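Okay, so subunit A shows up in both of these, paired with subunit B first and subunit C after.
For the complex of A and B:
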């Protein structure tokens, strides 16, 4: 009974395929039309895919390790620089919702990609700020640090960009470089309030977009007269031969360069952390893909073996029968 | 009543402890600060900061910045600071000669 059934099956399979078993085995190694009308992928193609996915997994794993080591190096520096802007806030207060005519938004972003969504969030926040601080008499300009934000903002706000700086991290970040940068920005851009947008590094998985505000000396004076935290500034006697205006100017410049330095360091930390988690999820995804491809490969291999066996058996039974 | 002194640079915290007295170099000369000093905010020139802890003076070189003194709490923010114990005189002399040669 079994032999009769096999014979019937063999006749069904034997007729569309070629009779010689050698040629059919050659053909099974390339794409072929299986008898049931289902296209089956050959093992060679699946093997190639598996090789490339495995390579990608290795690369993303390596990138994750590199990002982890870079993060460790830069994290201590970022934490040390955090103490720097606190005295300024203690002295001058923090007034993010101040009403000014000319505001400049400094967006800090990374140069390289593959770092998750941090650059998109920075750009989103910058655009929101731009909308909030634009109005009938007010104007807002962008200063962009980093290639990624430049690529995104140049598309729709090209006229509002006054300055863009890239390749910040070519040399290791240090304060003198950032202070020269701050000097440059202060010279070329007129502002009443500077808002620096960056991603603050809370932990390896958490990066909060943050806005730091630096006010120009005239606005500080105006707010000091209005009272509030800045009113306490007057309780400090100004030592030295300078007038209050000059001291405030120096203070504002120093404050800007300190805050910019801290912002750039924190953003670099966030970039490495985001890249770590992005590469980690990518490696995991590649592993899943590899598992699925292995199953497909085994199925294809078994299907081709079964087909060969059936041909042989049907050929043999045709000879006998 | 002791003063609390905090010297910060962008890269690290150089000093954070209680002191008896400091002598600070501002753009209008040197000022001495004792406990219960009036609150002042001043710019700091490139110069030497002297710190007294219990009759012992410690010196530090500061590269300019700001100082805020109030409520027995002194906060000095400078671009860079080096303790005198960390400075090697031979190396410093050589760097000075190189700098002077570059100037002239």
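For the complex of A and C:
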């Protein structure tokens, strides 16, 4: 009975112009939602909507699963790489406020979207850093890793981008790959200070925008002579190559590759975490939407059945009377 | 008014547990104050980003008396092999020669070459073969060793080392360009270091 009513309902939707305006005004409550001249809203539309929402929910659930399994793999690697930068920070300290002429901002982002706000966070931080470190006689450039930050930064600071590298995560990240990348960056840009912007993984739902600073060997020497945070460096005996500058050069390059390696891993880890939570909340949203749509659908169906019944009964009673 | 008093009282206790899901605890907030100030001036609405110092455990100060043990951090890109381990002595393969590090060693920065890193702890000696890297010895008897690759010496296959050595020697002889020659030379150096690590 219900199915028959539905089928009729569908047919009526196909010929909305046939229903008379006088009749439709009688059923005012379903009139509110329906387009002009239609007695009640079609269940067909709602059914299609429900189907698409269900499909979206399936997709987001699958994406969440994928992100969760990728996260587990990359999280251990990111955590294991955390020891790598600490000796450098212990030795050279960290001086984000250093005043240099040529700064290069290395923005680490992801290639794929649908991962919450991590890419816009790193872009926002990079923009402010750019503003912070630019001034008269100062030059600040961007080096961009990842498609998403490139898309955002190319809009307003196209001239400041000196290098952009994408498809970093096609293969699982390893140190040799990242050090080749670091070498590429070092060869192609001139810098006094490199500022690496990435999102450090804290937990699945939390990531910390972080800035690591790598100084060029000349600046390290200048700062060490000036005292301050790097003043202790002069007390170290340097063994290895002939000159101190050579060792510092090697040290700075090695430091950059190590910090970049950790940064890229942390960012990839935050990306998966953010994607997981974003996909979790969107599947939950899809579920809520589905509930609401089901309610509307059932209500409409019931309303149309009631209308049919009233019509039949009133028709029968008119014949009788 | 006092309805929230219990929650307020409980909060300091909760602080320790609510962090359970995070993977490493940030140490006491260490900020570069001039950086934070400059940041606030440019963008008052956005929180300044963290700097690596915020995640570092503060290192101990230089003690006045000579400590009996050396604290070693030995890290690789994919693992922390030793983390703040107290040992008696380490011998690192610096480019200038093997360098023994005891507690109270003078502060040094040394580049490493392929060779054997040995960690002496009482009567136990752990030997690693490291490819390259850096060693920082701080004045507070803390040694940081960073290597690109390291394996325990007992896991090296002697036959493969011999074979690799032969291969690279052959390559060195037949190399024509400078790049090929340099690559083969590196291979020969690493394999002969491996060989001497196994035999010596």
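By our rule, the second predicted complex is superposed on the first by the 280 of 321 C-alpha atoms of A that agree within 3 Å, B and C clash if a C-alpha of one lies under 4 Å from a C-alpha of the other, contacts with A are read in each partner's own complex, and residues count from 1 in each chain.
Just so we're on the same page, a contact is a pair of C-beta atoms (placed from the backbone, for glycine too) under 8 Å apart; a residue touches a chain by one contact, two chains touch by 3 or more.
Keep in mind the model is a prediction, meaning the values are calculated, not measured.
Superposition of the two structures on subunit A shows subunit C clashing with subunit B. In the superposition on chain A, A:70 makes contact with neither subunit B nor subunit C. In the superposition on chain A, contact is made by A:261 with both subunit B and subunit C.
Once the two complexes are overlaid on the shared chain, A:80 sits against subunit B and subunit C alike. When the two structures are aligned on the shared chain, A:236 is found in touch with subunit B and with subunit C.
Of the two partner chains placed by the overlay, only subunit C lies in contact with A:89; subunit B stays clear of it. In the superposition on chain A, contact of A:102 is made with neither subunit B nor subunit C.
Judged by the touch definition given at the top, the superposed model places A:275 against neither subunit B nor subunit C. Once the two complexes are overlaid on the shared chain, A:251 sits against subunit B and subunit C alike. Once the two complexes are overlaid on chain A, the subunit A residues touched by subunit B in the first and by subunit C in the second are 77, 80-81, 83-84, 87-88, 90-91, 174-175, 235-241, 247, 250-251, 254, 258, 261.
Residues 77, 80-81, 83-84, 87-88, 90-91, 174-176, 178-179, 233, 235-242, 247, 250-251, 254, 258, 261 of subunit A are the ones touching subunit B in the complex. Those residues of subunit C that touch subunit A in the complex are listed here as 21-24, 32, 34-35, 38-39, 42-43, 46, 49-53, 55-56, 59, 73, 75-80, 83, 94-96, 99, 106-111, 133-134, 136, 138-139, 142, 144-146, 148.
Subunit B meets subunit A in the complex at residues 8-13, 26-28, 31, 38-43, 65-66, 68, 70, 75, 77, 79-80. By the touch criterion given at the top, residues 75, 77, 79-91, 93-97, 124-125, 128, 131-132, 174-175, 197, 200-204, 206, 208-213, 232, 235-241, 247, 250-251, 254, 258-259, 261 of subunit A touch subunit C in their complex.
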